[in-house]
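Labels run A, B and C following the written order; every chain starts at residue 1.
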Amino acid sequence: MPVREEQGTKAWQRRDRGTQFAIWAGWLAGTAVFVYCWQLISDKTMWHFVIDAPAQAADLGERMVPPDWAYLNKLWRPTWDTINIATLGTVLALVLAVPTAFCAARNTTPSAAIVRPIALFVIVSSRSINSLIWALVLVAIVGPGVFAGIIAIALRSIGFCAKLLYEAIEEIDESQVEAIRATGASGAQILAYGIAPQVLPAFAGISVFRWDINIRESTVLGLVGAGGIGLQLNASIMNLEWSKVTVILLVIISTVIISEWVSAKVRHAII
Amino acid sequence: MTTAAATRRWTKPPFIKDPRLRWGLGLGAAIYLAFAFGTVDVNWMRVIEGLPRGQRFVAGFFPPDFVSRWAEILDGIYESLWMTVASTVIGIAISIPVALGGARNLAPAPIYFLCRGIFAVSRSFQEVILAIFFVKLFGFGPFAGFVTLSVATVGFYGKLLAEDIEDMDPEQAEAVRATGANWFQWLNYAIQPQVMPRMIGLGLYRFDINFRESAIVGIVGGGGIGATLNTAFDRYEYDSAAAILLIIIGIVMVVEYTSGYVRKWVQ
Amino acid sequence: MLRLESLVKRYKTGDEALKGIDLEVPDGQVMALIGPSGAGKSTLIRCVNRLVEPTSGRIYLGDLELTTLSAGQLRKARRRMGMIFQEYALVERLSVMENVLSGRLGYSGFWRSYFRKFPQSDIDEAFRLLERVGLDHMVDKRADELSGGQRQRVGICRALIQNPELLLIDEPTASLDPKTSRQIMRLVVELCEERHLAAIINIHDVLLAQMFAKRVVGLENGTVVYDGPADKLTADVLTQIYGEEDWSATIRKVDDEEGGAEEELAEDHLPQIDRDRLAGMQ
């Protein structure tokens, strides 16, 4: 109790002693963990490299400007590929995410004992593994190129889209579904009239949101050979052509900013 | 329906009212898809050829081998966890002042644009691109990974926090200002209580993301489990790689479950 | 106590909210500020403590001119003016006690306030005030757990613990039911008498204004159109402030009040239709 009586006057503290102590202990433990982690990182760090970093940065900066603008003309196609990887990957992911989400949502799953855990595992695996790792695997299977990138983006996005979508499905208003069921509608009709209208705005929002993220992700898939502007980035870095790297980075940043703007506009229009 | 002349027909009104816009968007999407598919030259021969190889490849993942590289895996996981903890803490510590500057209702225009610029730049580049540069600057190892993840955290956390500050209730803030509080007291009494739950929620979420990303900064030399994973791929030890992937999935699940619990608790 | 001299506020949009207000509030006077929505009532009281920066004109609190103060001096001056808000404006995730103590922020250093280590005298005063408004059992409740009337009482405590000379009260009853509204207004007026405080009360309920304030100022379109005793509010005056309406019921109500009728009973006498009309008029 934060209020204590002491010789007739009431004292007040924000928290009682136990809570206060617990909070201090929590901070102390947190700080200790942080310091410990820091110690371990610093043990593995070559500090003279770090100290040398400003000089390195200055050197790099010198080589990066002026940008090699002529190189811009060779970047249109990779940029187009990057956008395609993101868009087609997102579309593919959505096609696969919708059934997964319905299987994973508590209120629509066909079987809570078997199907739901499987769907949840699919979601968490897909979410845990970065698209770059998926790309690494896929390049080995289907060969390098845009196709591997699309599949990698799709595999990574299924989990993200399905997770947000199944949460939206679980939050729907059950009474509306009940009302449709009361009319004698079949399962598919309930889905179409009771559930779909309620989750459609969420679905549209999630799609655009993920597309925006995927643009960013697809810029690096080329590093492992899965197509897009990352290929050029990787090549330029390998060849130490830093003035080209600058141009590529500028193209990436503008693509990402434009896609973010588009995504914000579309989401705004939906809501 | 069609029997009487007076029958009124009804069709579902279209989602987009303006027919020109509706058809235009449809046509645009169709043209785009045609072009996009046209330029994705899938080498189906290669894919078909690759399928049995893919099968062997996937078969190589089973059964996951936790044992033979266990020491290296453990090392990598630990390193990833340190990087995650350190970069989340430092990233959040830096993003708080930047977020204050990036909130339109707190900061004057020049500071606002500066801070928003910081967010835009750090968000535009995927962690791997940042990692390439930081490895270049700081050398191989977890320090580069730590810096990468911290920078990425600033962009993510700062932007969302700034947006949350912009969405706060201005009445409460005004009331505290009217008591004669100074700027720091105002932050502490009016802003902090309003944004605290979201700050904690976002922090946990970012912790989760940082752990996942720590698995890829290693691919370009930023330390952590990613380095171990990359080595496993390079050595064609797919069974060890499978073990690493499963461990990553497991840890992400644990973190996610815990953070969901904590978020409910701070509400 | 408070003196406004040709106070003008023009918003960036070009709207002129206040068009040269001259007003004086003597010590210990409770003044009601009435007027239709958009007349500039809210702007006026926010100009006084400069939550809204006035465009031109001068504001004196005692001998102190507020309009020219630096940020630090302004904070000191704000301590002398307590403010009470329409939607209570409590910090919802802080406890009742923290909300009340936030009224002492202007007197306290940052670190003391950060660690919630306020001097015992402040704590004592907070308990006294909470007891006075009947909330001493709710000290550690979070503000968002309280009802509207309770929140407004906490808001009053927060304003009073500043030990102000002047209260600025913005629509204190707009979010409350009629009974609670009266209780809150009575509490405010009593507290002002006890502590000899001056107060400006923005209020759009003419009946409440007449009931609780001796002096009424009518604001219309940024200018003062009436300034006088509450019982001199005639139909003509109300028409001038609000526009054409049947004001007879409102004015009859004042006569009842002077006849010594109990306030609570008077509320029951009030024909429902007039309340609705008054509400609709806003």
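Operating definition for what follows: a contact is a pair of C-beta atoms (placed from the backbone, for glycine too) under 8 Å apart; a residue touches a chain by one contact, two chains touch by 3 or more.
Remember, it's a predicted structure, so these values are computed and weren't measured experimentally.
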Leading chain pair when contacts are tallied as C-beta pairs: A-B
Centroid comparison with chain A (C-alpha atoms), farthest chain: C
Computed distance of Cα centres, chain C from chain B, in Å: 48
CA centroid of chain A to CA centroid of chain B, Å: 4
Interface hub residues of chain B, defined as touching at least two other chains: none
Multi-chain contact residues (two or more partners), chain C: 98
Touching residues (chain side chain C, partner chain B) in the complex: 49, 51, 75-79, 81, 83, 85, 87, 89-94, 98, 102-108, 110, 113-114, 155, 158, 162, 168
Contacting residues of chain A [partner chain B, same complex]: 33-34, 36-38, 40-42, 44-46, 49-50, 53, 56-57, 60, 80-81, 84, 87-88, 124-125, 127-130, 132-133, 136-137, 140-143, 145-147, 150, 216-217, 219-220, 223-224, 233, 237, 249, 252-253, 256-257
Interface residues, chain B side, partner chain C - complex: 169, 171-172, 174-182, 184-186, 188-190, 193-194, 196-197
Chain A-touching residues of chain C, taken from the complex the two chains share: 95, 97-98, 116, 120, 123-124, 126-127, 139-140
Sites on chain B touched by chain A in the complex: 32, 36-37, 39-43, 46-47, 50-51, 53-54, 57-58, 78-79, 81-83, 85-86, 89, 120-121, 123-126, 128-129, 132-133, 136-139, 141-143, 146, 212-213, 215-216, 219-220, 223, 229, 233, 245, 248-249, 252-253, 256
